[in-house]
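Alright, structures below, take your time with them.
In what follows, chain A forms one complex with chain B and a second complex with chain C.
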Partner chain A sequence: MMKGKKKFIAGTAAVAEAAMLANVDVISAYPIRPYTGLMVDLSKKVADGKLDAEFVHADSEHSQLGIVHGASASGARTMTGSAGVGVTYAFETYSPISGGRCPVQMVVADRTLDPPGDFGSEHSDVLCARDQGWIMGWAETPQEAFDNTLIYYRLGEDQRVSLPQFNCQDGYFVSHIPGEVVVPEKSQVAEFLPPYKLAKPLDPRKPYGHGPQIFSDQGPALQLQRAIVMNRAKEIIPEVVSDFNKVFGRKYDSYIENYNPNDADVCLFVNGAHSQTARYAIANLKAQGVNVALCRIRFVRPWATEEIAEVLSQYKAVGVVETNNSFGVAGQAGVFTPEVAATLYSLPENKRPMLMSFMAGLSGEVIRLNDFYFMAKKLVQAADRKKIEKPVYWIGFEEN
Partner chain B sequence: MSDRTVTLEPIASIAKAPLQEQYVSGHRTCAGCGPALAYRLIAKAAGKNTIFIGPTGCMYVANTSYMCVPWTVPWMHAQITNGGSIASGIEAAYQVMMRKGKYDGDFPNIIVMAGDGGTADIGLQAISGAMYRNHDILVISYDNESYANTGIQASSMTPYGSATSFTPPGITVPEGEKFWPKDITAMIYYGHPMVKYVAQASIAYPIDLMNKVRKALNKKGSAFIHVQTACPKGWRFDSSKTVDVAKLAIQTGMWVNYEIDEGKKTLDHVPTKREPVEKYLKTQGRFNHLRPEDVQKIQQFVDGKVAEA
Partner chain C sequence: MSLPNIPKEKQLPEGCIVDSPTTEQDHMTTGGWRVLRSVIDYGKCTKCKTCWISCPDAAIKVDENGDVNINLKYCKGCGICASVCPVGAIARIPELDFEDVSVYRELPF
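So, the complex of A and B:
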């Protein structure tokens, strides 16, 4: 049942509400736009006695991550966050945290990397860290940001997984634009999210060595273990999401939201909040008799290979909306195109859609309805002609 | 701030030191390793209720090879960059977990064992942040005056005139290391108003070292100890001479033991008659190349340091 209080708040404020209900123990903060509001809210909750946590204002993002790493290894539930170059400044710490199997949660309101000091949303910052053994996914709305906070803690802290999580949202589009958020009751959160319990915390009464050095022949087993638990996270996601839907009365798909799936020949592949505009565009096109589907992924890591392949196999052409940069990458677009291409490769040739890429939503640029119409046109053309004329379009730099 | 229920008593003599070792066999440090000796004394003084944080350095690599650890107490690896922040997080966790009833043991001693690079170079920011916030931790810099683990490269605590693999003496740079080392103890004390206890110690004076550790741990809030730990491999002397070299450092003024406790500075082990630095420099291969004018420069520097100590 949808119980609880309705609030009209933006994405970072929504996460702060969720963190309070999750009763986090240690928070580490350092300011950078556009995620800072999360920590402004949390520091006030701690100062006002509404949340009993240690709020540590760190000297940098790198130290922020060190603080939650140490705290998580001691048995505390933790939250930290960042954006843009802050995410990359802390990069060294990501692998030690996932390798140490510390289920730290890091909130990212994404931001374009420098240069040139652009505040706007782009997914390039935290996508850099996609290979570091962290669970990762984007919220489309403040409500989903709230919900993902709880879902990620539950998934990451599950002892079958024990992995850190990047709880991401589009900078400004989600972090700063208020929406309706149903804040559930404490009892519901308690029903869904058990207290954090680490298998082997730092405890002088039961001493363990955490992170000793190894020699080469000991390494592969550890890497395999991290791969296994990441794959296991994928297997557990449906269980966690279904429990979440039951307790809170929501209707999330586990991995993929497939909008307007039937009758369409072509599909837009989108990550993050631009899917909202995409849905409007798709509805408008439908009214004009043009059928386009949307595939929005809820998780970037673990990547739902089989499920994405199955959804996309319905279509003749798929357009990946990149919202990130990966200069020199295979396919010369962004990081999602090679992932989708690899996903489709397992399909038989007659079920494998053509693949195009759209470089859009970069540096905080809004992807407008017209941009989506343009993408739809190119996809439909390719489907009709059974041929891709141009594999990569840079939206805003193309002739109609 | 959580109170410790146990106060660590001063150790009167080596015979009165705890028999129980917390840093035990099973590590792979070099013969005559100064840092390993320091570790043993520090762990002994701190006792069972301790968590060590080990930023990357000799005392990570040589101690924990092959996935085993030589401590009877919990130990956690930190990156060479973030000993200070990992310790901050552990301390914050214990504060809140004890407040919320999630941990019913005694508040632990939280000790960072950072090398000179992990303290004064790449680890400085995180340690400074921890000291500024006054987490209830002890940061110990085991100073072997170089990045020894990677093959003896200069750090910002390498003495002037040292030959290291990044400061080799040659025709253009006859002295080798051209810069004077940072005074990290003063930086920590005078730069962090909440820090109430800092000390310098030496492996040549084990009782003093252990008591400084206990004094530092008894303080609420951040404390810092800088231990000179002679390194046979890096400094190039015979591995049987570690303690002799450490002692000579004190006798020549190349190293000064002292503490600052709540503003009160006390010098320890001041030699009645200070020996010339040349005597110390001659014991180590890293100074073999020095010309008389270099030795004189070092003597002047040490005279100045001793005068202001």
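So, the complex of A and C:
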């Protein structure tokens, strides 16, 4: 059963509530929009004595990550966060943190990378770090941002995994637009999330060395170890999500949410908050007799190759809504198109849907219902004609 | 997705987190980068160990008497020890002033 208090709060405030219930020990912060709301809420909770945590005001994003890296290695549950160029400024630290197996949680309210200074949501900032060995995923609503905070701590701190996590939400669309959030009771959180226990915490009485020099012939085994651990994270996601659903009375899918799957020939592949609008568009289209499905991934890393392939194999055409830009990438769209293409290639040819990309939701622009109708039209046309006329559409720049 | 197992002889500790201190490797000397050498005035030193905890390369060791010693094989000469020392007991002296200078005085060709 869903127990707890209903609050009307935005995404960053929801994460702050979750951090308080998760009893975070060390927070490092440095302001950048739209993440700043989290920093404000957490510092207020610490100042008011509601959260017993060390709040360190860093002098940059790079320092922020260094602080939580050390704190996490010493056995503290940590939270930090950023947005846009702040995420990329700290880039050097991501691989050492995941390679040293410190389950830091970094909350990102995403933001377009410069130039120019654009505050709007775009998934490009965190997606740059998709190869750094961090668990990564987007929340669609403030409620999911709250829930993901707890799910990610549980998954990342599991000693079989011990990996850091990017807990992402769309800047403004989730971080600043309030929604209904059920804040559970402390006892429920305690039931789901055990206290953080690191296998080898730093301790002056029993010192450990992190990141020693190794020889080149020792390196490949370490890389394989990191791949194995990320793979393991994927395997235990269903266990963590089903435990979460049981304790809090939610109905999350482990890897993929498949909306309106029956009878549809075509499918929109969406990450993050734009799937809210996509759902409305799909419901409206259904009322007019056009059947479109939605596939929303809950995790970008680890990528659930087999599961996504199985879901997408039901459809004749799949349209990837990119919400990010990757200049010169295979397919000339964003980073999701090559990932989905590689996923689909694991299917036999007769089950492999056609693939299209839609460049939309860039620089904070809203993807409107009309934009989704346009995408649906192009997908249905491709499915009917068994042919793709154009692999990439730039929404807002195309003729109907 | 199945991945191969790592054979026993190739296994490293999880996250490459190792017991400390580890052995020194002869061919991994980094002291040669140093331009200024930190020299401790033991008459002023209070054994507070601020330099020991602050050294980013763990190149300061504490001996059985509680005295701090700089490991010149690894000290890169960053000078953090000198700037954090609360009693000003650490001086920074040009490396070339020493007989046992760690940099190359002669060109290798």
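Heads up, the rule we're going with is that the second predicted complex is superposed on the first by the 400 of 400 C-alpha atoms of A that agree within 3 Å, B and C clash if a C-alpha of one lies under 4 Å from a C-alpha of the other, contacts with A are read in each partner's own complex, and residues count from 1 in each chain.
Quick note on the criterion: a contact is a pair of C-beta atoms (placed from the backbone, for glycine too) under 8 Å apart; a residue touches a chain by one contact, two chains touch by 3 or more.
Note that the structure is a prediction, hence the values are computed from the model and not measured.
Q: After lining both complexes up on chain A, report clash or fit for chain B versus chain C.
A: On the shared chain A, the partners clash.
Q: Who wins on chain A residues touched, chain B or chain C?
A: So, of the two partners, B touches more residues of chain A.
Q: Just chain B (first), just chain C (second), both, or neither: which does A:Val56 touch?
A: First partner only.
Q: Scan A:Val40 for contacts with chain B and chain C and give back first, second, both or neither.
A: neither
Q: Output check: A:Ala283 vs chain B and chain C. Expected answer is one of first, second, both, neither. What do you get?
A: Once the two structures are laid over each other on A, A:Ala283 reaches no partner at all.
Q: Considering only the touch criterion stated at the top, classify A:Ser28 as touching first (chain B), second (chain C), both, or neither.
A: After superposing on A, A:Ser28 lies in contact with chain B but is clear of chain C.
Q: If you stack the two complexes on chain A, which partner ends up touching A:Gly209: first (chain B), second (chain C), both, or neither?
A: Once the two structures are laid over each other on A, A:Gly209 reaches both partners.
Q: So, does A:Ala199 touch the first partner chain B, the second partner chain C, both, or neither?
A: Once the two structures are laid over each other on A, A:Ala199 reaches chain C alone.
Q: Scan A:Asn231 for contacts with chain B and chain C and give back first, second, both or neither.
A: second
Q: Could you say whether A:Ala330 touches chain B, chain C, both of them, or neither, answering first, second, both or neither?
A: Neither: A:Ala330 stays clear of chain B and chain C.
Q: One more residue to check, A:Ile67. First (chain B), second (chain C), both or neither?
A: First partner only.
Q: For the combined three-chain arrangement, which segment of chain B clashes with chain C: 171-179, 225-233 or 297-305?
A: Residues of chain B that clash with chain C lie in 225-233.
Q: Return the residues of chain A at which the contacts from chain B and from chain C coincide.
A: 207-214, 218
Q: Which stretch or stretches of chain A touch chain B in the complex?
A: Residues of chain A touching chain B: 25-26, 28, 52-54, 56-60, 62-76, 78, 92-93, 96, 202-205, 207-215, 218.
Q: Chain A touches which residues of chain C in the complex?
A: Per the touch definition, chain C meets chain A at residues 1, 3-4, 6, 10-12, 14-22, 25, 28, 58.
Q: Can you tell me which positions in chain B touch chain A when the two form their complex?
A: It is residues 48-51, 53, 60-61, 64-69, 71-79, 81-82, 84-97, 99-100, 102-103, 105, 108, 125-126, 128-129, 132-133 of chain B that touch chain A.
Q: Which of the residues in chain A come into contact with chain C in the complex?
A: On the chain A side, the touching residues are 99-101, 162, 199-200, 207-214, 218, 220-222, 224-225, 227-228, 231, 234, 305-306.
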